[in-house]
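What follows is chain A paired twice: with chain B in the first complex and chain C in the second.
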Partner chain A sequence: MATPLKTRISAPRSNDNVVNGIKYNRSNSKRNNFEMLAWLFMRVSGVILVVLIFGHLFVNLMMGEGVHRIDFGFVGGKWANPFWQVWDAVLLWLAMLHGTNGIRTIIMDYAEKDSTRFWLKLILFLAAAFVLLVGTLVIFTFSPCPTGSPAELLPSFCPAP
Partner chain B sequence: MPGNSKGTLYRGREGMWSWVAHRITGIAIFFFLLVHVLDTAMVRVSPEAYNAIMSIYKNPVMGLGEAVLVAAIVYHAFNGIRIILIDFWKNGAKNQKGMLWGVLILWAVVMIPFLIRHLMNTFGG
Partner chain C sequence: MASTAANTAPKSDFEAREPESKVSIASENGEGENGIKSYDVTVQIRRYNPEISEEAHWDEFKVQMFGTDRVLDVLHKVKWEIDGSLSFRRSCAHGICGSDAMRINGRNRLACKTLLKDLDLSKPITVEPIKGLPCEKDLIVDMEPFFQAYREVMPFLVNDSHEPERERYQSQADRARFDDTTKCILCAACTSSCPVFWTDGQYFGPAAIVNAHRFIFDSRDDAGDMRLEILNDKEGVWRCRTTFNCTEACPRGIEITKAIAEVKQAILARSF
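So, the complex of A and B:
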């Protein structure tokens, strides 16, 4: 433990911006600002998500008989309206990106080995891409009146078979 | 610094525990979101498949789970607003402790009516 702390821990930089022998790393204009944008995205999406999720929970759990009201007919009735399609699609994308970036931050904080971080992030990104793809397709290719289904399971506006 | 992360307790008190709770609720909400998109995707399979999945959510035990989920979401939402105020409001950092009490009071104000209505929906038949 005789090694001084600063020789054991090097600054995690790919290059130093040196002017007259002094390091000006904070003002390196070539640094990409992905992490700053990710930080900003968490705050902007967070505010929007509060509105979208509180609205989602109010309509789906508080109105009518709450969770007992939710069935295929209920979802079909909502998604027949483009307002709820857009609401749910924006909710899906913002929540997935916000959550994925949050888990990415936690992986970077606690996974100490480079290979562990790599694999955890790869699994995370693949899972997020899959859920975003499935969710988006479901919202926009959904048919509220599928043929051959019993009429009592469908929204009331479906034509009689 | 691999290997020396055991036995650390960063400062403790309101600032740290609100941060720990933000992480735990965030992870829980994320994993629910993955499940929730996939259960909703059953509408694309058939009305019967979706209704079968939804009948699980109407079980009273799941009703309690939904109450815990909403409690986590409401905390994460209000504490997130507190984090934004700490970052962008000039007196935010100075008032972080007071704002945490504001978060907890608002949480209770939202949760009490929610729980009354939701538990009546869940257990009321």
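So, the complex of A and C:
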């Protein structure tokens, strides 16, 4: 199974076979491991996401008074802790990349024309990049008591300016 | 023929010319072929003839069949006695040549291996060409894209060692490693049942991967790496979504989805 014969033989490749306007040219020279890594990422991120999501749900909805204590202050308190910042950032990135790749897969499977595929994927990637950027920015720069804001706009727990 | 005809619908002129095709099978209670149940079967066949119309349509036929008959016998009866223009492929008619894969009641089957007694005959039986390959006429599709993918995985033994004077030895365990995938008859029932293949036909498809598997895991073959590289393609094994349509469609009972998963694992093992 492992003898490097590539230098002497090459895999048979058909020229473009066109039937009813459809080109059956699945083999091109641009081979890389992207699809393999994407496939692997879906499995690995899926397992990690199960832990992250159920941890997130348990901490937010079950512990203490449960869902009733969630308010602006609760979120602010969580993001004051680097542990939850990292947790939420990892959750955001894995969920977004996992979901984006899933939709990319659906686009590949259901869009029939290459141009449709291109535009749908472009919209998808732009949307994903936007959410990732804004999400990451919020998680790491969130400040519940911004200095210089009028006192009536600040939550009650902020120290008086 | 005479005893068969006694049970059938009014004798047509064609009947006399129909070749003897039924073997006399004794039924369970010891009766001869007269004891075999006969029933009326309605079959709806997807017809397409580009010389007449670009539109495909359904034709309905009512025929009287026997309990031992298969869907292929229905098609024969229609073609030989009712409408000679009906076109379909079949060669051996015994589940080995893989010519008569078609979509029967919405599932890919071999017409020659689908017994009428296993179908719900209270409703019409629908027969369509397999999907995802260009239809040429009625139930005949252009298999070239399918065979192109098959050729591209190099479905032949590649061995670089000295030509042996006798057969190449292989242990029973090594032979058993790929036994399941040797059963493929290239009928295209799996590939044309795959929703990923339906989209644009670019995916290599289950059948090509099964036949690559047959050589990748053959201890006598040396080109496994090349085949894994071919299948590590944008249109290769990673497009498999494990919907198991192929495994369900395979008339030889090959565990196709499992074979594809094994190829995926082999590609991963070789990369890390």
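Quick note on the criterion: the second predicted complex is superposed on the first by the 116 of 161 C-alpha atoms of A that agree within 3 Å, B and C clash if a C-alpha of one lies under 4 Å from a C-alpha of the other, contacts with A are read in each partner's own complex, and residues count from 1 in each chain.
Assume a contact is a pair of C-beta atoms (placed from the backbone, for glycine too) under 8 Å apart; a residue touches a chain by one contact, two chains touch by 3 or more.
Remember, it's a predicted structure, so these values are computed and weren't measured experimentally.
**Student:** Pick one for A:38: touches chain B only (first), chain C only (second), both, or neither.
**Tutor:** The second partner, chain C, only.
**Student:** Tell me the contact category for A:17 with respect to chain B and chain C: first, second, both or neither.
**Tutor:** The answer is second: A:17 touches chain C but not chain B.
**Student:** If you count the residues of chain A that each partner touches, which comes out higher, chain B or chain C?
**Tutor:** Counted on chain A, the partner with more touching residues turns out to be B.
**Student:** Is A:46 in contact with chain B, with chain C, with both, or with neither (first, second, both, neither)?
**Tutor:** Once the two structures are laid over each other on A, A:46 reaches chain B alone.
**Student:** Considering only touches as defined above, state whether A:112 meets chain B (first), chain C (second), both or neither.
**Tutor:** In the superposition, A:112 touches chain B and chain C alike.
**Student:** Jot down the residues of chain A that show up as touching in both complexes, chain B in one and chain C in the other.
**Tutor:** 9, 112
**Student:** In the complex of these two chains, what residues of chain C are touching chain A?
**Tutor:** 134, 142, 144-145, 148-149, 151-154, 158, 160, 195-196, 199-204, 216-217, 219, 221-227, 229-230, 232-236, 238-239, 241, 264, 267-268, 271
**Student:** Can you list the residues on chain A that touch chain B in the complex?
**Tutor:** Interface residues on the chain A side: 9, 43, 46-47, 49-50, 53-54, 57, 61-62, 65-68, 70-73, 75-76, 92, 95-96, 99-100, 102-103, 106, 112-113, 127, 131, 134-135, 137-138, 141-142, 146, 149-150, 153-154.
**Student:** Tell me, which parts of chain B touch chain A in their complex?
**Tutor:** On the chain B side, the touching residues are 1-3, 5, 23, 26-27, 29-30, 33-34, 37-38, 40-41, 43-44, 46-48, 50-51, 54, 57-58, 63, 66, 70, 73, 77, 80-81, 83-84, 87-88, 114, 117-118, 121-122.
**Student:** List the residues on chain A that touch chain C in their complex, please.
**Tutor:** 1-6, 8-9, 11-14, 17, 19-20, 22, 24-27, 30-31, 33-36, 38-40, 105, 108-112
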